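Okay, so chain A shows up in both of these, paired with chain B first and chain C after.
Our next item is the complex of A and B:
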């Protein structure tokens, strides 16, 4: 290769690196830095005392405590539920295990704020359908459960978050080498000893890593607390940030409180990610690829039917019942009427799909935003991953560090950060336009794209390219015919990993929306806030249909592509 | 890094830019629904709900076939935030604003962004503003009453003090004044009339803060609340759909005028003036009255089924308040109200 081409090649590498770094700096690093800057610098001076003062304010302090209570409760609950069901579907002779496993993953698809809406309809103290049933038909004196409480919030979050643990533990239990257990059994250990000394230590890293994921998610989760908590004055960090920003119309004091709260979120998130990395590193020797073995199945005997009933009841109670309520309420003429044929119709559904501008706009916005964010983030993700995984340029370390950032920045932090960065202070004002949501989505979903694309790129061994080159292919040919086709599944995965969640996104867009730029999530939330309960339920129903159809199309599609 | 690597790199860069461009194309449509050439389209920002604004815009279009109209309906707070952002970037996109937050209008007048327009129909109207000077004109007289769930409350409330009775214990709701302009208005009016003692007593009887001004009504319809402080047309809309609620007005009437104003410097000034005249005319006012709220025309009566007070009479018996002062004390009033009802005081 002549020195000239080498030189220009180096130029392109630098260019790529430069592009990659600038994308990450602009969309992720700058917003986060601005939050930290605004939290700690007052009038150009570093002032940590002021930060402490803000944290000690009763409202803020309470929100921090609430976030912690809710996150811990949710984590513990989800871990128990997720581990139990994972064990049930992998290590016992429970009937219909395949179906059950698929059903336990359904809550992944359901947006938890829609779940919260459904549970509000079912269990609000005086009007919830379940509570009313107990009071009116069974003669109870008062409501059996008040969903507007810490316990209510935690239970709803557990219902929709436990799959994080479930899927991790399922994977670990399936991959675990059964000979370890067998040898213990041969040496005379009982089931209890085996479970305690072999199984649990082996699966523990997966359980903990799933639990930490839930903790991270719950700390920064807006929807459930917004729907169920605000009325009783239960705020967590994201809902308080939202409330402050909303109330103030942008006054500096509330934005500063927001930045301090966001800083706490960032620090907690970083801590959680660090812990998770540590646990996973420590546990890596334990995950053993014993894929040719079938683990021992515990015979449930007499418990088989009751446990099956328990699983079915759980699925019916957490998935079927809320979904049915959403669709039924969506069909009512007005909220509060009984579910009788004369009160039910498809009019609300027709109204939101064809006549109502707000919902039509919202659907259009969510779809275009989702598509744009997915396409942009997919390509940017390939480029950045390519630089990180395959290229050898100086300055790559910065990029690797920046690439870690999107994983640890919660949605409400990104939203606050883009408000600080893009509301005209630095020349460009995107606030109240659809662009600011797009920028925030790119930042929020970059992590998914990086993960999927670098996983795909890492599987492409350099020897494949070298083999092609030694057969006489040019670099370009080898890339086009070998690398790109191999990476394509990763790119597609990234696209869908971004497109589908963005359709139901609420945490980010609720902070950034303007009258013209509602997303589906925002429309459902604001319609509910406005007391259009039946219309918001109908829109939630439509959103569920879109999400479920989309997900099953993708499942079919990726299965085909995989074979 | 060879030639191919370069190409791939360039391709990727190109793809990203293309992706950006494609994204832009798609989104522009979403952001501003097909702006007509030269900004001839009349744009209205309003906090009126779909049921109210939709019919009025249709009627206006029918009368003025040459004028294109578009509207955005959202809470007053959101609209003001959007207008503030638009001002920062140099141009307010809307031609007309019509909400129920009277203090906002005094504010905008002070900041000089409103066009003065003394409508020729003014003398036919009921005018709640003593200092009227043409910068904004009331286009609707919103009333707030007590909405009760008819399954739960059998004796209709006759006065505000009835809310301290045991039947309302733990089951009376007021919308969050931080979210809803009308809720803030009613809190300020009630405080003016009865003092903070009124809210202390509400708290003692377990009154609750809800979310938006519509949600408390829906919660009343569902039975979650026995009663709520409710906006007229939202309640009447649900009553006409069959909800088990009824709306009652104590003697001290809560009246929230909804002013309409034209922004200065718009390119559609003539069309905007036409719209304001239409909105204040008998046809649009009849539409307003038919939605279950009060017209600003004494000659347009609301249908009898709503049992609304007579507009002129309502204006007379309403609680009066100084809007300019109300604007200044907004934050403290809301904070005090929230603290009182949540028992943090």
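Our next item is the complex of A and C:
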């Protein structure tokens, strides 16, 4: 028998809790608190009247209204498109369903601001290829569509955001017990009645939760509005924050307006997340289990071919066309030339990869920032998730609350917050360095890491660790030998969930970049703003290649790990 | 000599008090079972002894060393208590081979490689798992995983083995086989075993002594299997150990009358002055006859269950159940129909205080 020695448990638990709280406080809570503080605290006193005054200023008020209009439009559009396609690929006999499903998920990995760039090239009123084609070749008097409009912005956002609803509804429809529908059918209900009375009510929570996610995302979305809206004076909350701070070089007034707008975003986001939690908790999981069933399929009959054509046209129009345009424009000598073999070459690609310092720096910055943010956030996320999921310590409630924060803080808010926190006002000045971008990335992607790691840790049953403890392993030894090896897949998932999006990040970087610290997203955006359209498109093309290659590597890897 | 002494333990989760003032001791070398309905806190007690939970008050000593005593600020972590634990869900580490799983306690104790190898192989042979040491847990059946868990708990030769419902997740045949093997191993190794279960049959089969715990976490009776089954101290234990009949009996002067009627109970009267009593007896201890001496009752329900006949009989407002083997019933003319009268006598009968019945009926 191993000897029993007298030793009371020392504060490993308290230590981990302390570190976890510190990380979340420094990285997320302080920036958010500084925003609230700056918004409500004027000259040493609480002042809500001033906040109201700023909100009522014409341009701020308009930005709030615009955010709402665009978010509502995008949410409604994406919900209709997402639900319709989800139903088509799960509940009908549409041909090539597997391929369709994969294709409908592609917009997930395409950066929407690159899509917006492509649509700008296709449908800008004067120079857009489609508009020009209609005017010059078909004799139209004016452009057929102006992408610089509310409708244009909403349509582009729908193209890139509808997968949020699509994936949720697909999941719900696939997991729904078909006997629920069959028993309705046996009771004599027709297909229409079944759909209305059984299927839709059961899937509704998933639809709503996906719709809210889109609402949240669109309210705080920067890229599309920045590319398509500014031309026509359409600003939403994030673009106005950027515009104000960028224009004034960080003056007090602009920062204050920024903090007030950011506060509105944070409150809206918190509200949306609360609502989503409420909807999801309403118990649809009791009916929709984790098991996969083979649901009954609707025979489309005569509609089968037209619907197939519709899907293919949608995929061609929203995925293939914009991507092709980016690569083609990236190959042009000068923007505006026709797409003929003489005008196309790989020179731009060669230029940005090997000669042009701005783009080479940008690629290097994005890769190193992405790697460091992914590694740091992965490890911090494991620790924090471990304390939240597995440990019984007093004071865990604080951490659980802090752990919710990263989910509800939009990118532009984080960017503004880190400017307030790390510009030297509190002793450390990281402004105009890569470090401030790194801190912001960690805050922005913490939510991904917490989600992936908590999910992995939930799978590690407590008794596995207790078994190790009873075998004589200390807490550290059981973490090293049991917990870490078992959550490694979750950590890897977290790594890629951070690394890939950070390569195309725009919202945060655009607020924080200095001349030498551009990221890929910033370089694409600024080059385009400066009229370097072909170079910008070429860089966007390179970014797309990196993202697609990276994503397929992950898919292959995770599939292997899963079996 | 006692190996575990639990004194005045209290433990609650929020508002829910699981244990209060619980005291228990386990002798060295015995197989001791904690038996109780699910949710009675028996697993909590095992976790307190293992060190996975800390009591609010009280003291636990293992081998005369106090391992937990919140009042004195003592709490030895589980890894230093030198116990073997087997969990209900096996808790075999899925990323390690059988060999690595079983060898882990020795690896942590930094035993030399050769010794580790010999000891692991020896232990695997003991639980009948030789030749499977290279397998991963996902390549094993539930019963094999349970054997791995058992081997892992035994490999470091702990003087105390804690088993938390280790057989619940196995199918019936395997359960019977494993319970026999656990008992064999315990006898061979001379280890002390604390076994926690809600299964009466297992408890009676493997225990040297067992303690019956009620829903409130109180220990009702601690004794050997025979005493627990044949001489329960209260109706809870009697009821918990098998189907039981409880018939109210009232005192009228010197006579004891069944239910609300005037029939005398054909058994020795209880010791005591109380006016109201409860007669407890198992269905197999009831004898029925078409006529003769005994109390008269009416057959309310007759159920033919193949090998057995079950009868529900009413005696002056009181109900009791009995069962007779069908062939015996046919041979002796005891195939009653519903509504027929019969005469009842007893083979065995226990007297309980009427007050103590209330909680059993409620449950």
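Convention: the second predicted complex is superposed on the first by the 530 of 563 C-alpha atoms of A that agree within 3 Å, B and C clash if a C-alpha of one lies under 4 Å from a C-alpha of the other, contacts with A are read in each partner's own complex, and residues count from 1 in each chain.
Assume a residue touches a chain if its C-beta (ideal position, glycine included) is under 8 Å from a C-beta of that chain, and two chains touch if they have at least 3 such contacts.
All figures in this text were calculated on a predicted structure; none of them were measured in a lab.
**Student:** Is A:347 touching the first partner chain B, the second partner chain C, both, or neither of them?
**Tutor:** neither
**Student:** First (chain B), second (chain C), both or neither: which does A:467 touch?
**Tutor:** It touches chain C, and chain B stays clear.
**Student:** Thinking of the overlay built on chain A, is A:551 touched by chain B (first), by chain C (second), by both, or by neither?
**Tutor:** neither
**Student:** With the two complexes superposed on chain A, say which partner A:62 touches: chain B (first), chain C (second), both, or neither.
**Tutor:** neither
**Student:** Return first, second, both or neither, reflecting whether A:47 touches chain B, chain C, both chains, or no partner chain.
**Tutor:** In the superposition, A:47 touches no partner, neither chain B nor chain C.
**Student:** Per the contact definition in the header, classify A:92: touching chain B only (first), chain C only (second), both, or neither.
**Tutor:** Neither partner.
**Student:** In the superposed arrangement, does A:132 touch chain B (first), chain C (second), both or neither?
**Tutor:** first
**Student:** Look at A:149 in the shared chain and tell me whether it touches chain B only, chain C only, both, or neither; answer first, second, both or neither.
**Tutor:** neither
**Student:** Which partner, chain B or chain C, touches the larger number of chain A residues?
**Tutor:** Looking at chain A, the partner in contact with more of its residues is B.
**Student:** Quick check for you: in the superposed arrangement, does A:246 touch first (chain B), second (chain C), both or neither?
**Tutor:** Only chain B is touched by A:246; chain C is not.
**Student:** Could you pull out which residues of chain A sit against chain B in one structure and against chain C in the other?
**Tutor:** 1, 5-6, 8-9, 474-475, 477
**Student:** Which positions of chain B touch chain A when the two form their complex?
**Tutor:** 1-10, 12-13, 15-16, 19-20, 22-24, 26-27, 29-33, 45, 49-50, 72-75, 77-82, 84-86, 88-89, 149, 171, 178-179, 208-219, 221-225, 234, 238, 241-245, 334, 342, 344
**Student:** Touching residues of chain A toward chain C in the complex: what are they?
**Tutor:** 1-9, 461, 463-464, 466-475, 477, 481-482, 485-486
**Student:** Spell out the residues on chain C that touch chain A in their complex, using ranges where they run on.
**Tutor:** Checking each residue of chain C against chain A gives 50-52, 62-63, 65, 67, 73-85, 87-89, 91-95, 104-105, 108-109, 149, 152-153, 156-159, 162.
**Student:** So in the complex, the part of chain A that touches chain B is made up of which residues?
**Tutor:** 1, 5-6, 8-10, 12-13, 15-16, 19, 23, 58, 124-127, 132, 230-231, 233, 243, 246-247, 249-250, 333-337, 343, 356-358, 361, 364-365, 368-369, 371-373, 375-376, 378-380, 382-383, 386, 391, 423-424, 429, 431-435, 438, 474-480, 483-484, 513-517, 526, 528-533
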